[in-house]
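To keep things simple, chains are lettered A, B, C and D as they appear, and every chain counts its residues starting from 1.
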Amino acid sequence: MAKKNWNVGVIGCGFMGRAHSNAYRKVANFFDVPFQPVLKAVCARTRADVTAFAERWGYESVETDWRRLVERKDIDAIDICTPNDTHKEIALAAAAAGKAILCEKPLARDSKEGAEMVAAVERAKVANTVWYNYRRIPAVTLARQLIEQGRLGRIFHYRAQFLQDWTISAELPQGGTGLWRLDKAVAGSGVTGDLLAHCIDTAIWLNGGIDSVTAMTETFVKERKHNLTGKVEKVGIDDACAFLCRFGNGSLGLFESTRYARGHKALYTFEINGEHASIRWDLHDLHRLEFFDHRDEGLTRGWRSIHVTDREMPYMGRWWVPGLQIGYEHSFVHQVADFLEGLAAGKPVAPTFAQAQLTQQVCDAVLQSAQNRQWVEVPQR
Amino acid sequence: MAKKNWNVGVIGCGFMGRAHSNAYRKVANFFDVPFQPVLKAVCARTRADVTAFAERWGYESVETDWRRLVERKDIDAIDICTPNDTHKEIALAAAAAGKAILCEKPLARDSKEGAEMVAAVERAKVANTVWYNYRRIPAVTLARQLIEQGRLGRIFHYRAQFLQDWTISAELPQGGTGLWRLDKAVAGSGVTGDLLAHCIDTAIWLNGGIDSVTAMTETFVKERKHNLTGKVEKVGIDDACAFLCRFGNGSLGLFESTRYARGHKALYTFEINGEHASIRWDLHDLHRLEFFDHRDEGLTRGWRSIHVTDREMPYMGRWWVPGLQIGYEHSFVHQVADFLEGLAAGKPVAPTFAQAQLTQQVCDAVLQSAQNRQWVEVPQR
Amino acid sequence: MAKKNWNVGVIGCGFMGRAHSNAYRKVANFFDVPFQPVLKAVCARTRADVTAFAERWGYESVETDWRRLVERKDIDAIDICTPNDTHKEIALAAAAAGKAILCEKPLARDSKEGAEMVAAVERAKVANTVWYNYRRIPAVTLARQLIEQGRLGRIFHYRAQFLQDWTISAELPQGGTGLWRLDKAVAGSGVTGDLLAHCIDTAIWLNGGIDSVTAMTETFVKERKHNLTGKVEKVGIDDACAFLCRFGNGSLGLFESTRYARGHKALYTFEINGEHASIRWDLHDLHRLEFFDHRDEGLTRGWRSIHVTDREMPYMGRWWVPGLQIGYEHSFVHQVADFLEGLAAGKPVAPTFAQAQLTQQVCDAVLQSAQNRQWVEVPQR
Amino acid sequence: MAKKNWNVGVIGCGFMGRAHSNAYRKVANFFDVPFQPVLKAVCARTRADVTAFAERWGYESVETDWRRLVERKDIDAIDICTPNDTHKEIALAAAAAGKAILCEKPLARDSKEGAEMVAAVERAKVANTVWYNYRRIPAVTLARQLIEQGRLGRIFHYRAQFLQDWTISAELPQGGTGLWRLDKAVAGSGVTGDLLAHCIDTAIWLNGGIDSVTAMTETFVKERKHNLTGKVEKVGIDDACAFLCRFGNGSLGLFESTRYARGHKALYTFEINGEHASIRWDLHDLHRLEFFDHRDEGLTRGWRSIHVTDREMPYMGRWWVPGLQIGYEHSFVHQVADFLEGLAAGKPVAPTFAQAQLTQQVCDAVLQSAQNRQWVEVPQR
């Protein structure tokens, strides 16, 4: 029996456009999804680029004006893969048009924009999600399951870091394609919205809300050539950001992100320490979860390196056989699979805009604390 | 400009049928291949199964008799994903029909069958390859590049192992779907053809031909219920196999495979030690390569853990960004990409049937040595 | 030719008394020290204990009153292995008596006491050192050498943690033998003086002075039975402490310590990220140093795991052969060896009291910041 | 109450002389041994050397003729730390003189010599042991405990390797001080007696007797200058040796050792796979044991990295505190402690000469198999 089609319109054909396109194309091969995703249209400003992209990925049509895409009747869902400064405007239009919305992270440049977006989707009652894809790395999902089962007991500590090294060279320009993440006007912030946002999203998911923060940011390279103006301009973003925090559950948090940690390309790690057990994970070996259970007998107690590939592991029953690892891109496939399940069931799929807004609020508090050198309370929605 | 289509007919819709189908579907999204693979037809004995498979993967048609598929004029290439006992017959027919052939490993149940297959494709002058996919894990390809550049100097040692633990239970039956690998009549051998064949293929590729072997096999569980007869029958396969060997280049080899190594799901590892440098790799963390170079200065000399994700790494420029790992299935995509390049260029793509036959000959020598408890010389084609 | 004797009087026969005694006994077997340490006397309050200790370790005599030991003419050096609340008083008396002083870390309960101690040894012009032994783990010394050679370039980040899990049980009492570290009156602080002090000492040594801090502390178990009073009393120490800081060289620092990190016994780790290279180390595998050099060619660039056992490694030429690791206790032997060299040369041996006082000042600033929730500037001596 | 002294006479003051001297000096500081070892005398041919050694280590006297030492009435035990070609003669004399004997491994150059030595100590009824020190690395002792408790179930596989890289240079001479291990007349064999002997001793201890072997050896550098003759001479030793074997318990074994594995200094590893659980260990991180238990629940099953430092671990209650690792030399201390316990109890302490002879017999079978290219049965004493 043929499934009902689900027509997606993707806006943006950069790195995330590829990752999402791949997910839409693959999901029904591996998961028994209730709808068949159809790559209905892709939109980007340059016709040549978007046409080539459409051809490569099998999109049925192209647009060069996102407003036209949003208005199309044959589109069920809008996927926002554009730079941060456009998220709000597109999301508001898509919500108004009654489309389901899948928005790249961070939700917006700041929590003010985010609040408008949350209000819009809630008003329009459209399905919505934000691509905090790391929640759906099987090892990370497993971490959540273990925590939900209460295995850790009272939580004392949470720490996370996201370390990269790609902007160390002062010769690297800012702005424009591929480098908009260094342009504050477009990105909203630097590593805080780009990297820490991932850490915060996972942390809230695994350990609950963050109450208060004290933070520090730094911009190591103060000026860079701007690709759009051709001039050397002040760099507005944070190159590095670290903060301490207190969670609502009484545990202490330590977060750090930077693009100046030589030797690390995408080292997102987290660790959580509870009364009985601890868990840690590392994006550079994403298919492993480390688990320590103090209740194991003393003679053989140790950190367990769980190779998360067995069929009983989250999502893994859909892929290959035990011992064979999956990679980064699969997290997006999982998010599409879950989103389609939610659509069919009429249930929200985490993280919704509202949940992503919690991360946005922490980011804002962090940036504010870094500026005024004070502890800042995080608004609890 | 539209690419010319390349129509594939896949025989078999088990584990390998899925892995190959995924590769055909993905390759043109990520690689600039000279032909567009088209999933023209899939064949399996049971109509319901093959129909469901075709629907899931988007095959245009189904067959239930492989002979019909091989005869179809609209098929350019035959992909053999069936159990080992059918490889020869299908390959001979496909060659006679002038099809390109992609055959799952091992090439055949033994080198006698293999020899006929090599003769057939060479006579028919059809493109041919065997899916020793691990050659195209980027870290493994990188190992080959480093060796080819002469960085290791004179080679002293090569060692490899492939450890699994899935057949330890004596309750596991043999024979039939999913378990034909335990049935000697179908598989030809046990771990030797299934696991050691991978190790041998990589070894020959990285370190050249093997001259002589002394081997040992064991069948730990002597009898198992046979799924097809319903009776408890003698187990004919080797549950474990190890051998020592001498390579043509004067180095010593040590190989082992088993399905009785508790704690290992698919731990394929190899290590090569040269005068100047050493390399090791491990399928359980397939995106890393370990490299030791004695010419590094003493104070900072150590094994380097290369996270093989940078764009300059083999194949990796086609995927994501540095730090983001790929998985098992990508090796198949790479093999399709290379095969299509070879087709366009009119050049053979390794490993060809003839190259896979070298592995077959080592396997035969190993099994013979295990039986007669003598060193056995490997025929050098 | 017989060496001149160097007569040591050790005060305290607990854990550190053992570690130091072992160092004095071993040093001349492995190092060509200019003096021969003689275990002249050991002092502790309980005669039975100190007598047994003296017998086990070969001390020539015992004392039960440290003041008598300090007054003895046959003692060249006083080694203070007692709880923190006695450091100052003993050190002042020993300085007044003209003895060389080796004091366990932290220097004192706070920087006020520390300042008096520094003044005393400087006034008395006696040789002095504090047992921040981790500086002399060969891998850590190697880190310092690599940094001094300028290999890292401009430094962006420094992070360190010291994680333990031994006080999680609320049943654990505070106070008295073995548990004085949980008694604020005796220890001065909790993890800050006990664990973070190590991290700070190494950090200052490797990365220079710390300018300002923002910190957070927590006492997870608020009340514990006190061993000396037998009553349940408020716990005054910090169970966990984390802080962010800025170093004088412009780099950012992140520090954390706790006794509530399940799964970690003594996980002291540090990492330093420079423009060109990064280094990390871990006390749980203390014989290894991880080093990443971005100037390595791309194809083989990776974190190097340096097994610090070769003869050219710091101190290692004195021990066994390459590949054979040493352990924790050896760091104390190295410190004695260096101290004796310094004595012979008439040169101070780091860390002196004055250098240890820098750590004390950071600790004080950290505790103050945790209390007043403000950034605190660290006095620069 | 003073312990009875136990007067040791050590023959040989090279690497092993140091390791043993350290053990005798330290043991009573950490272990409650029933006797107090006294460094009564050390013997070596060159008076200047042995005198310097005696001074450094605190030996009461020196000898330059081992026969004189063996005859001394004030000596309770003879420790043989000389090259292999002298073991037999010294042991026979020491046994005849009624001394306890501690002999460096391997027991002898071959099993013929070994048999005479076993006969001698059994005839003389003197306490005897061979320094296969790796049995008493706490992690290795723990492995034995876990196996004895039956946790692994039926054993399928045992594999071990001992990899070094120190003789790769063809410029390295053979013979004489420090290099006698390359001189077949002195050493008896190359890596087989030097390195594989360790692997075999542990294997027999953990997994029982070896029945039959098929082996391969190689001498990569055929000629080296001989330090004693000054001439380039044929190299008689095996540079590398590997063998397959069958254990008496039905499991399969795989062993390898070499001095030509670039990147490995003393990488002795073993792994044992049982029906229920597996264990592996690695001398380069000797304070860790890896343990996998299939009976752990699926979601958190993984290799456990046991940091063998807790007080309940073998021998570790005598050292420092959890988290603080010991090193190579401690294994010798443990052996002395156990030996003295055995002396007091009148019980043999493993490995005795008779047990070490089992290893010798496997070595002989291995070398014979490598020569005649046949499977060789190992004599079962």
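Everything that follows uses one rule, which is that a residue touches a chain if its C-beta (ideal position, glycine included) is under 8 Å from a C-beta of that chain, and two chains touch if they have at least 3 such contacts.
Not measured: the values here are computed from a predicted model.
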- Query: Looking at C-alpha means, what's the farthest chain from chain C?
  - Reply: B
- Copies chain D and chain A - interface residue numbers shared by over half, same or different: same
- Between chain B and chain D, tell me the centre distance in angstrom, where each centre is the average of that chain's C-alpha atoms. 42
- When centres are defined as mean Cα positions, the distance from chain A to chain D in whole Å is 55
- Distance from the mean Cα position of chain B to that of chain A, given in whole angstrom: 36
- Query: What parts of chain C, by residue number, touch at least two of the other chains?
  - Reply: 264, 303, 307, 310
- Would you pull the chain A residues touching chain B in the complex into a rising list? 15, 18-19, 21-22, 25-26, 28-29, 56-57, 164, 166, 264-267, 283-288, 307, 309-310, 319-330
- Item | Interface residues, chain A side, partner chain C - complex | 152, 156-157, 159, 163, 165, 168, 214-216, 218, 220, 240, 242-244, 246, 252, 254, 256, 258, 260-264, 273-278, 292, 294, 303, 373-375
- Given the complex with chain C, which residues does chain B contribute to the contact? 142, 145-146, 289, 291, 293, 296, 298-307, 310, 312-313
